[in-house]
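Before we start, here is the structure in question, set down as structure tokens.
Should a chain be cited, it is by its letter among A, B, C and D, assigned in written order, with residues numbered from 1 in that chain.
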């Protein structure tokens, strides 16, 4: 949907995931650091599965919204009568959501009895971001200059995020990469909202002159301010998490953070034991 | 051959290899995982040699077809009379096949007594894909927009695959990279068929308007649907392999998968012992 | 400030940091090498904190200068009366300094009790250089050819430096990467001065013809001469450091280099012990 | 020198180095493999120093040739009378040679008592190749299409080689990377000769039509044939080396290959012991 809601919806999805990650990863990192406990809490695997399921749900909501809004294609791709494609823009957005859905499926399968190789979930997430990037890249040709520029700035966040997620295939659980991914996801979320506000003026006001070079310059700068804001949000969440853990530690003498009950050895094969009585035992 | 068969032939080659890899790598991964046996079956080296030989045969078929079709160059490169190059398109395709042939030769040599360094086979495969990518890149300039676009989408699969194969030089037997390579090879195979159908209409029907922007948009999207399909095929093959191995395990109590008889230590130098009584012993 | 001082100021900042690094890293490397002491001197952590603070101060000076020069925006971003943006060029430069300031903050936090993951400081520095690169990239469109070219050469140093700093996230304390970063920072510093001299002629003289292709060619070549000079400076500093350490060693029999008193085990967690009685003990 | 000799000279330099490497690296690899001796022969360090010295000499020859050919700039850079730059093309070539000279200096210093960090030699070589690449990139703008294309193909070899050499900084003595570098260097050498033959017709014959698209297509293909030839040359040299070592082994029972007398532990610090009584002992 090339309107405000069509940008606010994915923007909110990305923002939610980004903010969640900016809490989850520091929490995991600091709780291990503070307890000097090298064992990984089992609950983080359960969280990954829930994350995967949430991705699938978000992707389904997005796909249904793109297809069945009043001016959507309603699953028609080609109109035989008029001999042309139906609402390709909505179909493209559906495609983007589809890959995030596939990424969610892979997240869930990683912890299923199927023993899908660790790393396939990160690879699929990376592919989903690359697909979004390439679709945007071809998407914005032949548009007004400001529209083209404001979308192409997104490509920096997308290809940066896709590459860093690809690295996570080989360096799983690297806290720096995870925080970087979180910050770029927040950036993507807030920038989708910004695009909506600039192009569709939901609050009214004068339209932006799409060919004014000064507007282009401001938008470029504004994109990096968003990133600076994302970094600050990350930092605040990190500090809050740190304080929580310190407080919890002082009151309990022991860290548990209310997330898991048992502790278990973080041996590589244990991740399959989550959802079923493992075949290996 | 700039016709339907000229795209269907390489498409079939890539599809065959992609599908084969999408069975072979999960089979190897799961049989090691299930038996908790870190030793590599000898048969996989024999398979690699057979794969290499198949590559050489496919490359020869491709080269001969490009040269000796009725409107081919029949090994003439320069026509002295007319002072011009003969059928350069066919020569370019011959060149692409040549590099896949070289990659096959390197595969075979890796397991020969020559002790060619492990990793040269992956490097040569990566180079072959890069060469195909660069030839396509220069190939499609000065063509109608749709023709150019449909080929340039292939570049995403090619350069992605070349980079991931290059990584395999340093991370040999990384299951995630191998599955990624398999999925991109399937994509390449099906996309060659799609190009053939779009540009040469083997089943008849109205020709595509090569300058319609909507067609471009649809084709872009369609490329990523092909990839989604490739991922699903991979997933199905993975699950089928998993079921086969589980069934086999239950009936035999022991895993052998009918592929190898002896098990042997996976020490690095053992790969030379395949085809000859090793000099080292 | 698109004038000579606006280029000389950041040029001096980069030059100072580059020169400092070209002394600091060889000093650390050689003192460890010569003493065969694998332990890291504590003082290098204190130096990192001081470096971070210096970055913050330089960034503040830069931001204040850009905002409050007589023809600066004085913190006004949008002029409601004239309905246009105010001095966007200065705002863009302010944005660049802002990210270096954030990088300084992250440097300081890395050695604070917050246990910010090691590597975040390098990531943030890399991001700051990337942001500078992207801003320059969009900055120079629609300018005379020479102006555009002389700034775009800087992009080579910027993106090269950003990538190499990104690598330092994963290969911390790699002396080769650190020296490479130092050399590119010196290059950036001297090139800012060169840009100032070419575009604003502070010493008078005839203006450069901005559309003469020969000038473009000379400037390209000149850029690489600057890099050759940077490499030579690095080499001279390296040799001087080497001689100092050898002299010191001969006179003391023991290396201390006047920097640190205690030696301490370089265990990964010890870096938090710098500024406070560590919680962990 | 934009003439045949100006391309044949660097072409010969690259060809010599490429061929030498295509013998040296298999020799080292196979002699270690066959003797199962993990210790590195001392002579390879001596060879590296000789290589560095040869690079310096070649670079000096190149620089002097570019400056003092009859139509060269004779070290004049700016003509005050005519207010223009003197022979910038020759100056650019001089700059390229300069960086290879610096790379040679770094090679020599690596094995000097200065303890220059291992890896700086590879970094400097990589930088030299990058500089050549960037200079070529800006060099060929505003030239006839064929001239531009034939030079830009070289960029593939240059940037590929620069990246792979950069990897060697972190994966020193990786045989695959070394052979890849050798093959790209041979390619560069033969391609320089090819450029000379195409553009300057040293043997006479009709000039190439510089705007004929077919010529462009042929040249593209021809570039990859050169690479196929380079791979075959590498393979032949590898096999010859293998045979030599096998023959030597049979006649001596022990491998020494006439290169070194003592064997020594390949501990990391030993590389400084080459040229002097090490300070460490």
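Details
Following the convention adopted for this analysis, a contact is a pair of C-beta atoms (placed from the backbone, for glycine too) under 8 Å apart; a residue touches a chain by one contact, two chains touch by 3 or more.
Just so it is clear, the model here is predicted, and its values are computed rather than measured.
The chains touching subunit A as well as subunit C do not exist; no chain touches both.
Note on connectivity: the fewest steps through touching chains from subunit A to subunit D is 2. Both copies, subunit A and subunit B, contribute mostly unmatched positions to the interface they share, with under half of the numbers common to the two. In this assembly, the chain whose C-alpha centre lies farthest from subunit D is A. Averaged C-alpha coordinates give centres for subunit B and subunit D that are 32 Å from one another.
Each chain gets one centre point, the mean of its Cα atoms, and the points for subunit B and subunit C are 45 Å apart. Multi-chain contact residues of subunit D (touching two or more other chains) are absent. Taken pair by pair, the chains that touch are A-B, A-C, B-D, C-D. Here subunit A touches subunit C in the complex through residues 29-30, 33-34, 36, 156, 171, 174-176, 179-180, 213-218, 220-221, 224-225, 227-228, 231, 235, 238-239, 242, 246, going by the rule given at the top.
Of all residues in subunit C, only 84-85, 88-89, 91-92, 95, 98-99, 102, 109, 114-117, 119-120, 123-124, 127, 131, 134-135, 138-139, 142, 169-170, 279-280 touch subunit A in the complex they form.
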